[in-house]
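Look for subunit A in each of the two complexes below; its partner is subunit B in the first and subunit C in the second.
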Partner chain A sequence: MQRRTVVAGLAGSAFAATFAGGIQIAAAQEVVKIGLIATLTGPQAASGRQKVAGARLFMAQHGNKVAGKTIELIVKDDTGVADQTRRIAQELIVNDKVAFLAGFSLTPLALAVAPVITQAKVPAIIMTAGTSVITERSPYFVRVSFTLPQQTVPLAEWAAKNGVKTAVSLVSDYGPGIDTQDAFKQRLEERGGKVVEQIKAPLANPEFAPFLQRAKDLKPDALLLFVPAPTAGSLMRQVVDRDLAGAGIKVIGTGDITDDDQLNSMGDAVIGLITSHFYSAAHDSPLNKKFVAEFKQANPNMRPNFIGVSGYDGMYAMYEALKKTDGKTDGTALVEAMKGMKWESPRGMMSIDPATRDVIQDVYIRKVEKKDGELYNIEFDVVKDVKDPLHK
Partner chain B sequence: MLTILFDGVAYGMLLFVLSVGLCVTLGLMNFINLAHGAFAMAGGYLTVVMMNWYGISFYWCLPAAFIVSAVLGVFLERTLYSRLYDKTHLDQVLFSIGLIFVATAAVDYVMGASQQIINLPAHLNGRFEFLGASIGVYRLFVIVICGLLTVALQFVIGRTRFGSRLRASVDDGRVARGLGIDVTFIFALTFAFGSGLAGLGGALGASILSMDPTFPLKYMIYFLIVIAVGGTTTITGPFFASILLGVADVAGKYFVPSIGGFIIYSIMVLVLIFKPEGLFARSTKR
Partner chain C sequence: MSVASATDMSAAAAGPASLRLMSAARWRWYEFLFWGIAVACGLSTLAPALGFTVPVIPTKLMLMSEILILGLLALSIDLTLGYAGLVTLGQGAFFGIGAYTAGLMAKYGAGVAPLSDPLLGLLGAGLAAGVVGFATSFLVLRGSDLTRLMVTLGVALIVEELVNKLKDITGGTDGLQGVMSSSVLGIWDFDLYGYTAFWYALGITFLCFWFCRRLVNSPFGYSLRAIKGNALRARAIGMPVNARLIQVYTLSAFIAGVAGGLLAQTTQFASPDMVAFHRSADSLLMVIFGGAGHLYGGLIGAAIFRVMQDFLSNITPQYWLFWVGIVLILLVLFVRNGVIGLMMAASQKYIAKVPPKSGALK
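What follows is the complex of A and B.
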């Protein structure tokens, strides 16, 4: 009796699955689904909000019809845990039959889905994670955000040109931090400078004071900083409190530490801080002015930052790829369509390197200034078409 | 060199104010309250809200943080904690860990998960040179406040009638009750005071330590190290332990940054091997 029930149950569920599958296939001809895996809770939540806001803004501006298909954006929260990212990616691919995955706020989260997307042949658009190696881990990764060495090398160039002979780096002890300090050291030393010491602070570090004091006592010309964006605020407070500028030390860093979303809450203390990055909300172009204005209108109390613009550009790349394949959702064809794609983004001109599927873009040197009562990163120098220097 | 010592002392003082409340509940009341950090977080976030949303002066935030955390402490003590006084330590641990998760989720929901930053009054920023050491004004302020608190605390527990009643209630609650001491009231008051101190510590630390919803979990380790090293039977034990840990942490990170983060754990391991009852503990009679 029991056995019969089990068999009947199995048959029933098999029937239900076929039936549901049939409906999905019928719907899939009309709808193209995009699975956006963002981190919406936990310490990285700010990054998830930016990404989703950027993606939604693009859809609001450009409609949800591409090449005769209706685009449906499915937003999922992975809470910043790699296991979750992987599980959600599998669900989106198997149950929702998404044509694209997108998002990935941290390097480990992106790496966790690499085997999944390779096997399922589903393109994944990286909208944040910045370690070089990611795009090498699967031929279905395409990056529209940035890599850290890409931001750091122009900064080292700028430093060498502006009289920085000796430097100390202070980074958080994890993948992107190590990438940053090594890329900086390599380029500065090629240009005749010297990195006197590389200080690594634990990732979960409540007290930066001793590290900063050590950097200050080494008396370098410049101090390079890199920490995850949410930590930047408290680090910058300590930097100001130690008065490194007063000791004649130029404080420089990648734009993560003067994130547009948080910059205003850091206070006037950060004015004059020099950073290199690919996006500033103050970027002077008509497209960016429109982007910033509409972003703010749709999301009160938020200002677009580099993650917001990456969410926006990621949607652009997916829309254009679908246009090129005439709405077909074959993963390999979509990746091919994105290779070599070049367009104007609110950040400036950008393209996808056909060889590495990584982003090529202009990197700006900026200084924090006060404009209209708000703090902005004002761009004053630019290095054109920077490729990630670590890819072969 | 002196600068490092100074920074270390300031950091240690802050640790002390944050964890002394836990020493009181653990050592005196024999209750394991891992959610202690949640009260510190309440004080920190209250400061953030008062300063950033309503523009209230930082100096008003400090007493407010103390009072609100203390009231919160009394409320939770009466409604929840008091039911667990006679339960096993495991029950207490599970309960208070649960409270941490509730607090973390609640703060995340209301305030968001990102780090909160406060801007101190201008005259508390900046530094000055003194005997060759570079002194941060705010850290000096922290040291002074925490120093005064320590003295006051030592006085209250060691010298006043309330202090002796508290010690009596802890040593033997039944006899204390028999002598007409209102043990329940004393415990509630003590718990409130400990929570209030945590809240004050959170407010003082809001600009030095980073305030985010994971604060109670992140700093729980530090509180527990202070108590493991200092012992729970005195106030002076945790005090010297905090200073020792603060200075060792800061000096370690300064002189050997590659292993700096590990120094306080090494100290704790050594203490636990050689003096498992804590560095400054009296020999226990029971």
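What follows is the complex of A and C.
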């Protein structure tokens, strides 16, 4: 019956509606669709797996009914190629009429969908990509993951306090990498230290040996590292091979390089490594213990990392937004509903900054230690409620 | 170029040979069918708005536009590979140059009336790619197939690295942001549904295809086939082999550039993926998949390849590459000359049963 009305209405307005009309999401629909665009094949595949696992776990725990609507999760693989991300986003909006988009493993992939979501007024939840500027590119972006400067500034503070006078940074040459090196340099130099050189390695290139050698030759007190998490394994193996610690260089970095999912395979040589990040599988809270246990149970051979927890929290934000709008799927209302939202995540307390739609959360300083035969990032210091320092 | 005048000459000099050439150039029913299907695919997306649904064809205009664009890229390869016998692994470079040229023109030309026009953007994209194609064509003249693969691959890698390094112009790994395409001919805006993108891509692809079709059925095209058959003999009967190869390579680069420009305009950004190696390899695969040397091979290959990818990756987002691989291996093992070869073999069986009315295909 309902369908017939919709069809008749559409037939009435026929061409005019098709060409002139914006996106109309049938208000009466009982199913609310969420399009999760993850990178499930290629070098960034690990990131997609975590995200999907996190999102699925949330749905398994909380059911698929919210505010009288049934939630349907549509998972798509964008292969890490930006024009695919954009095409899939467009199709999900136009064909599947999704109420939310989510995912985005790399900054370029998120940036590519900015014009689409602005035009269609569909909220997009960023579950990984960490360049500051993304949320400024569309008023429909909401971030539940992190930004690199947010992680790096506390690390620079820690380094300055712990006797690091000179440092070299080595980052992947793209948005988040540039953010990392700049934020680190600025804060360390404000605290009287000096960044001797900023080395950038191509994103697509897994060969870090020449860059690490260059850093070693400069003999700084500390070497700051950032690469996207799925590349971290190969970077850390090469770091260990070069024996930078033996040369008196303290290796530090954002939590991306000691990614929980891969940490165990990096070997005991990374014990003692200092990183800053918003999530560790070893975070001490009942909620996190439950999260980790159930995540492992649903996905044998995997340990949740910061991407997994962001997938989980992204679903939380979308569920809560739907509750607030009473199941209505108007994009602008959903974004409004998410602004200022505050909740306890497995990572700790987090909230969405109403001004920037970016995440505010605690950032921890951690050290790699062995616990129960496994390697973990053990948190030993915390900076509360960190905002992204680059947003105005 | 001398193409147009050569065509005129052949038409003027009547004789059995030129008659045969002209009959080969005639449009056939299956060609009308092919383009008819393409148009029908576009029209079918209007069906839901008119109150009925077409069950078979999915309403995926963006995917169809992408197929057309990749098909155009494959067409440009078919021109060099299928007709002139030049193997290339670097077509992605021209595609990328076209994409960035059109992207930059749309970005910085926004508001400046003539510069921001999409058609002019495509022309710019084609010319930029054509110039680079001409400059590098001299490298391709040297050596055999294997050397050519390496040289074209090398050119593509250089372009890719330039795109990565010239961050101020190209935006580096983050891609070229803020591309704002103006409306086509000042009338049709690029819409969210992809209507304009599809018809625009279809129009441009058909235009390029029509030009290529004229070209390969002209004496110029036949001279290319002669060179492919035996370059030494072609030279011996006085054919300017090197000049022909340079011309076709440049033209192919131009078309690849137009395809790249189309992608940048319809997706409103350009990223290093557009010059990446997988772009060149995929498009070469599409030509082989569809069947080289028929012009339609690339288009059919692109359609099947992308629809298969889309279908499989919807069923199994994690392991679809595995199935694509299996299909490719089976196809290479059991089907000669791609999908077109398969269809021709089938029609030959049919023709053997039914006595032919006039001359066979060629």
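Simple rule for what comes next: the second predicted complex is superposed on the first by the 360 of 392 C-alpha atoms of A that agree within 3 Å, B and C clash if a C-alpha of one lies under 4 Å from a C-alpha of the other, contacts with A are read in each partner's own complex, and residues count from 1 in each chain.
Here, contacts are C-beta pairs under 8 Å (C-beta built on N, C-alpha and C of every residue); 3 or more make two chains touch, one makes a residue touch a chain.
Here the structure is a predicted model, which means the values were calculated and not measured.
**Q** Counting only touches as set out at the top, which of subunit B and subunit C does A:Leu224 meet: first, second, both, neither?
**A** neither
**Q** If we overlay the two complexes on their shared chain A, which of subunit B and subunit C does A:Met350 touch? Say first, second, both or neither.
**A** Touch status of A:Met350: no partner.
**Q** Under the stated touch criterion, which partner chain does A:Gln262 make contact with: subunit B (first), subunit C (second), both, or neither?
**A** Once the two structures are laid over each other on A, A:Gln262 reaches subunit B alone.
**Q** Touching A:Ile134 in the superposition: subunit B (first), subunit C (second), both, neither?
**A** neither
**Q** For A:Asp241, decide between first (touching subunit B), second (touching subunit C), both and neither.
**A** So A:Asp241 only meets subunit B here.
**Q** Which partner does A:Glu207 reach: the first (subunit B), the second (subunit C), both, or neither?
**A** first
**Q** Looking at the overlay, what does A:Ile199 touch: subunit B (first), subunit C (second), both, or neither?
**A** It touches subunit B, and subunit C stays clear.
**Q** Does the superposition put A:Ala120 against subunit B (first), subunit C (second), both, or neither?
**A** second
**Q** Which partner does A:Gly233 reach: the first (subunit B), the second (subunit C), both, or neither?
**A** First partner only.
**Q** Can you tell me whether subunit B or subunit C touches more residues on subunit A?
**A** C
**Q** Go through subunit A and flag every residue that touches subunit B in one model and subunit C in the other.
**A** The overlap between the subunit B and subunit C interfaces on subunit A comprises residues 41, 45, 202, 204.
**Q** Which bits of subunit A are touching subunit B when the two form their complex?
**A** Subunit A reaches subunit B through residues 41-46, 199-202, 204-207, 209-211, 213-214, 230-231, 233-234, 237-238, 240-243, 262, 265-267.
**Q** Where on subunit B does subunit A make contact in their complex?
**A** Contact set of subunit B toward subunit A: 3-4, 7, 11, 52, 108, 112-115, 117, 119, 125-127, 136, 138, 207-210, 212, 214, 218-219, 222, 249-255, 257-258, 260-261.
**Q** Which positions of subunit C touch subunit A when the two form their complex?
**A** 46, 48-51, 58-63, 66, 164, 172-175, 177, 191-195, 263, 267-269, 271, 273-274, 313-314, 317-318, 320-321
**Q** Under the stated contact criterion, what part of subunit A meets subunit C in this complex?
**A** Its residues touching subunit C are 7-8, 10-11, 14-15, 17-19, 22-23, 38, 40-41, 45, 48-49, 75-77, 81-83, 86-87, 90-91, 93-95, 107-108, 111-112, 114-116, 119-120, 131, 137, 173-175, 202-204.
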